[in-house]
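Both of the next two complexes hold chain A, though its partner changes from chain B to chain C.
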Partner chain A sequence: MQFFLNITLGGIATGMIVSAVALGLVLIFRATNVVNFAQGAMAMITTYVAYDVLRKGANYWLAFVVALAAGLVFGALTQVVLIRPVQGKSPLNAVIVTFGFLIFLEGVAGSIYGSTARNYPAPFSLSGQKIAGTQIAFSPFDVFVVVAVLVLMILMMVLFRGTDLGLRMRAVAFAPEAARLLGVRVRPLLTLGWGLAVAAGAMSALLVVPTSSLTPNFMDIILIYGFTAAVVGGLDSPVGALVGGLVTGLSLAYVGGYIGGSLEPMAALALVVVSLMIRPEGIFARPAARRV
Partner chain B sequence: MGAFRRRVQTLTAKSWFRLPRQPMLRHLSFAVVAVVGLYFLTQWLSAFNDYEVGEIAFYVIALAGLTVLTGVNGQISLGHGGFMAVGAFTYALLVEHTTWSLVPELLVAVAVTAAAGLVIGIPATRLRGPYLAGMTLMVALGLPYLTNQYNSFFGGDQGLNTPAPNGPASVNPTEWLTWIQLAGAVIVLVLLGNLMRSRFGRSFRAVRDDEIAASLAGIHVARTKVIAFTVSAGCAGLAGAFLALSAGGVNSAEFPLALSIYILAGVVLGGTGSLMGVWWGAIIIVYLPTQWSQDLAKDFHANAVVSANLAVIIFGLVLVVTMLVAPGGIQGALRWVVGKGAAYFSSGRVSNMTLVLQESTDPPVSDGESVATITK
Partner chain C sequence: MPILEIEDLSVSYGAVHALSDVSFTAVEGQVTAVLGANGAGKTTLLRTISGLVHPRKGTIRYDGHQLEKMSVEKIVRQGIAHVPEGRSVIEEMTVDENLRLGSLWRFGRRERGAVIDEVYDLFPPLAERRRQHANTLSGGERQMLAIGRALVARPSVLLLDEPSLGLAPIVTARLMAVLRDLTSSSNLIVVLVEQNARSSLSIAQRAVVINLGRVVVCEDAAKVAGDTELRHHYLGY
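For the complex of A and B:
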C-alpha cells in the first residue's frame, strides 16, 4: 500500500512536469498548427544558459528567471526566423524544420559542453519526508514542482481568459483571418505565443533537471512524454494538457514501478496508440470539423 | 483509338533505341545494367571500400522506403532508425535461435518490421496532423530502452552476434556480403519502382496531393496511408538486417536518434520522391559523418568534441535550410522540376502523346492522375 502511494505521488510530480511540456506543445499547436519537436532541445539550451549563470555565482532564483526569459526570447526568435517562412506551407515542412532544429541544437550543445552529465542543483531537498511516522516519497522539491506548474497554469489561464491580450491571442489561434479583419495584429501575437510556449518548456526543463542530469539530450524522453500527454488530452486544449499530463505521469509511474522503468517510453507509445484508438481527438479537444 | 495509337508508336519508333514500355521490363533492364556495373565496381574497389559500398546499399534501401512514404505519399517518419532496429534485432534473434538460411531470415525480419509499421500506422491515420511524426519519434527514442529492459533476451550492452554469411570459398567474405546487400538494394528499387507505376503508386500520389479529392475519386485514404507506411517500414527492416550483417552484431547503441535524422536528411537531400536520388543521399550518409566532417573539423582545427558533433549539426542544418530555401518544400520543388520537364516535353514532341495514351489505356480505376494528364 505504501509502495502504491509512493508511486502515485511520484507519478503526480512527473505528471505535473509532463503537463508543462504538453502545455508548451499545445500553445504552439493551437496557434500555428505546428508540433514543436524542438521544444525539448530549446529547453535544454535555456537550462545550459541557467547553468552558466549559476556557475558565475548567481543564486538559484536568478538563474530560474534567466532561463524563463531566455526561453521567451529564444521562442520568439525561432518563430520569426524558422517558423514564419514555413507557415501555411505543407505541414511536413514545419515538422522537418523543428526536427532538424532539435538535432542541430543538440549538436551545438554537445560541441560546447561535451556529453558529460552535469549536476544541476535543486532549490529544496530532494529526499522524501516522514509524515506521521511513515516515510513518504514526496520531497519538498516535488511540492515545489506541483506548485510551480499550477502557478504556471493559473497564470496562463488568467492571461488567456482574463486579459485583452489573451483574448486577442485566442482569436488569432481560433480564426486568424477573421481576427486580422477585426484589426488584430496576427504576426506579433504568434511570435509572443511561441515565446510563452518555449518559456513554459524552459520551466519544465528546470523542474526535470535536478532529478535527472544535464546532458545535451536529457529532454528527449521528456518531450515524447509531453507529446503523449498532449495527444491524450487533445492537441489543442490547455486543460487537456494538464489532465493528459497527470494521466501520462501516473500511467508511466505504475508501469515503471510494477513492471520496469525501462519500459516507460514504450508504455507512453502504447498510451498514444490506445488513446488514438478510443478517443482520437483527445479528451478535451474541440470537436473536429474539417472544412472542405 | 488503336489505329491512332499505332500511328503514334511508329512516330516515336524513329528513335534508334527505345526502353521497354512495360514498367516491369524497363525496371528489370535497368536492374541488369546496375547489377553488371556494381559487380565491376566491387571488383575494382578494395575490401574496405566494398564494406562502404555495402553500407551505401542498405542506406539506399532505407532511404527508398522513406522516399515512398514522404515523397510519394506525403507522410513523414522521424523514426526510421527505430524501424531499422526492429529489423536488425529480429534478424539477430533468428540467427541466434534458428538454423534457417539467410533469405527466409531476412524475409521474416522484413515482415516483422512491416507489422510494427502497421501497428503504428493504423492509429496515426485516424487523424490529420503530426501524430505519425510524433509516434515514429517515440519508436526511435523508446526502442533502446526496451532492449535494456529485456537484457538477457537482447544480449545487453554487447548485443547479439550476426556473423556474415559464408559465400563460396573463392570469394572474399566482405565482397560476398556487399554483393548480397547490393542485390537487395537493386531488388527493392525494382519492386518499389513497379509499385510506384501501379495502381498503388497512383493512389499514394493522389492522397498526397489532395486527400479529399482522392477520397471523392474512390480511393480509401486511410488504407492507402497505412499501406505506404507498412511498405516503408518493411524496407527499413531489411536495411536494419543488412546493417546488422555489416556490423557483425546488433546492440541498441547502433540506433541512436541521429540515425533517423540521417535517413530523413538523406531523403531530403537526395531529392524527395525520386527513387534514383536516394543513391546520393546514401553516399552522403556513409561518408559525411565518418570522413568528410572529420576532415572539415581538422581543417578548422576544431577539437574532438566539436568534430564528434559536427555531422549531427550539418544534418540538422541541412534539414532546416532545405525547408526554408525551397519555399514550396519538398513537394513544391519536386512539382516545379516535374513541371519544367513536362513543359519541355510538350513543346511539340510526340513522346508526350504516347505517355498520355498509355495512361488512358489503364483499366478505369478511380484515380485522379490519368484524368488529370489527359485534361492538361
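For the complex of A and C:
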C-alpha cells in the first residue's frame, strides 16, 4: 500500500511538470495554430541562461525570473524571425521549421556548454517527508511544482477567458481574417502568444531540471510526455493539458513502478494511440463544429 | 454628406482581371445593391474596399480619406465594416464573445454592455443564445451574429457579402427587412452584394450590375427591377 501511495505521489509530481510542458504547447497552438517541436529545446536554452546567472552569484529566484523573461523575449523573437515567414502557409512548413530549430538549438547548446551534465539547484528540499511515522515520497519541491503549475494554469485561464487581450488572441488563432476585419491588430498578438508560451516552457524546464540534470537534450523526453498529455487532453484546452499531464504522469509512474522504468516511453506511445482511437480530438476539446 | 466613392478600380489576380475600371458611389441612408453572376467580381470588390485585396489602380474615397493604401485594421477604424461571405462567426467562441470582439476597438469596457444589448434588441434570437458557442447556431442565427458583430462597432459603412446564401426564404426576408429599417433610420451606407437579385432589389435604392469585372449598369434600383431585358440578361430572373 505504501509502495502504491509513493508511486501515485511521484506520478502526480511528474504529471504536473508534464502538464506545464503541455500548457506551453497548448498556449502556442491556441495563439498561433502551430505545434512547436522546439518548445523543449527553447526551454533548455533559457535554463542555461538561468544557470549562467546562478553561476555569477545570483540567488535562485532572480535566476527563475531571468529564465522566464528570457523565454518571453526568445519566444517573441523566434515568432518574428522564424515563424512569421511560414505562418498561414501549409502547417507542414511550420512543423519542419520548429523541428529544425530543435536540432539547431541542441547543437548550439552542445557547442557552448558541452554535453557534461550539470546540477541545477532546487529552491526547496528534494527529499520525501515523514508524516505520522510513514515516509512519504512527496518532497517540499514537489509541493512547489504543483503550486507553480496551478498558478500558471489559473493565469492562463484568466488571460484567455477573462481579458480583452485573451479574447483577441483567441480570435486571431481561430479566425485571423475575421479578426482583422473586426479591427484586431494580428501581428503583435501572434508575437505575444509565442513569448508567453516560451516563458511557460521556461518555467516547466526549471521544474524539471533539479530532479534531472542540465544537458542540451534534458527536455527531449519531457517534451514527448508533454505531447502525449496535450494529445490526451486536447491541443486547444488548458484544462485538458492539466488533466492530460496528470493522466500521463500517473500512467508512466505505474508502468515504471510495477513493470519497469525502461517501458515508460513505450507507455506514453500506447497512451497516445489509445486516446487517438477513443477520442481523437482530446478529452477536453470541444467536438468539431457541426454544420447546421 | 459623406459618400463612399469608388473610381476606376481595377484588381488583378496574376493575369486574371477580376475588376476593370469599376466606378460608382454609395450614399448615406441608402442600400446600394451590387448584382451579377457568379465570378463577376462582387466579392473581390468588397474585399478591395476593406483592404484585404490591394487594387492595381483606382481610388476608394470615404469621408475625405483614401482607403486603397490603408491596412485592413486602419480601414476598420474609419468606420467601415465588412461581413464576409459564409457567416464568418468564430465558432469556438460564444455569441457574447463574438459580439464583444466586434466592439473592442471602438468602445471602452463601460459602454460595451449597452452597444451589445442594442444588437440583442435588433436580433432577439441571439439574446437567448448569448452563452452558447457560435457553432450551435442555425444558419440564420449565424448570419444575424455576423451582421450584429459588425454593427456593434457602430460603423458608417456596412459591406455585406451574400447574407442570404443558404438561408430559407422567410429568414432572408426577415433579414432584409431589418437591413432596410436600419438603413432608413440611420445614416448608414450599405453595400449589399447578392446573387439573390430579387430580394436585394426589394430593399435597395441604387443598383450596380457587374459582369466579368465591369460595371454594366449603375441605376436606381427600381429602374433595374423594372427593366425586364436587363434582368433576363444579367440577373437571371
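What we mean here is this: the second predicted complex is superposed on the first by the 288 of 292 C-alpha atoms of A that agree within 3 Å, B and C clash if a C-alpha of one lies under 4 Å from a C-alpha of the other, contacts with A are read in each partner's own complex, and residues count from 1 in each chain.
The rule is short, and it goes like this: a contact is a pair of C-beta atoms (placed from the backbone, for glycine too) under 8 Å apart; a residue touches a chain by one contact, two chains touch by 3 or more.
What you see is a predicted model, and the numbers here were worked out from it, not measured in a lab.
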Simultaneous placement of chain C and chain B on chain A, clash or fit: fit
Chain B versus chain C as contact partner of A:F160, first or second or both or neither: neither
Chain B versus chain C as contact partner of A:A171, first or second or both or neither: second
Which of chain B and chain C A:A179 touches, first, second, both or neither: second
Which of chain B and chain C A:E281 touches, first, second, both or neither: first
Contacts of A:V97 with chain B and chain C, given as first, second, both or neither: first
Superposed model, chain A: greater residue contact from chain B or chain C: B
Which superposed partner A:Y60 touches (first chain B, second chain C, both, neither): neither
Smallest separation in angstrom, by C-alpha atoms, between chain B and chain C in the superposition: 15
Set of chain A residues, in rising order, touched by both chain B and chain C: 290, 292
Residue ranges of chain A in contact with chain C within the complex: 164, 167-168, 170-171, 174-175, 177-185, 236, 286, 289-290, 292
Parts of chain A lying in touch with chain B, wherever the complex brings them together: 33-35, 37, 82, 85-86, 89-93, 95-97, 99-108, 110-111, 114-115, 217, 220-221, 224, 227-228, 231, 235, 260, 262-266, 268-269, 272-273, 276-277, 280-281, 288, 290, 292
Chain A-touching residues of chain C, taken from the complex the two chains share: 50, 52, 72-73, 76-77, 81-82, 84, 88-93, 97, 100-102, 104-106, 109, 133, 135-139, 149-150, 153
Residues on chain B engaged by chain A in the complex (per definition of touch): 70, 74, 76, 78, 119-120, 123-124, 126-131, 133-135, 137-139, 141-143, 145-146, 148-149, 212, 257-258, 261, 264-265, 268, 305-306, 308-313, 315-320, 322-324, 327-332
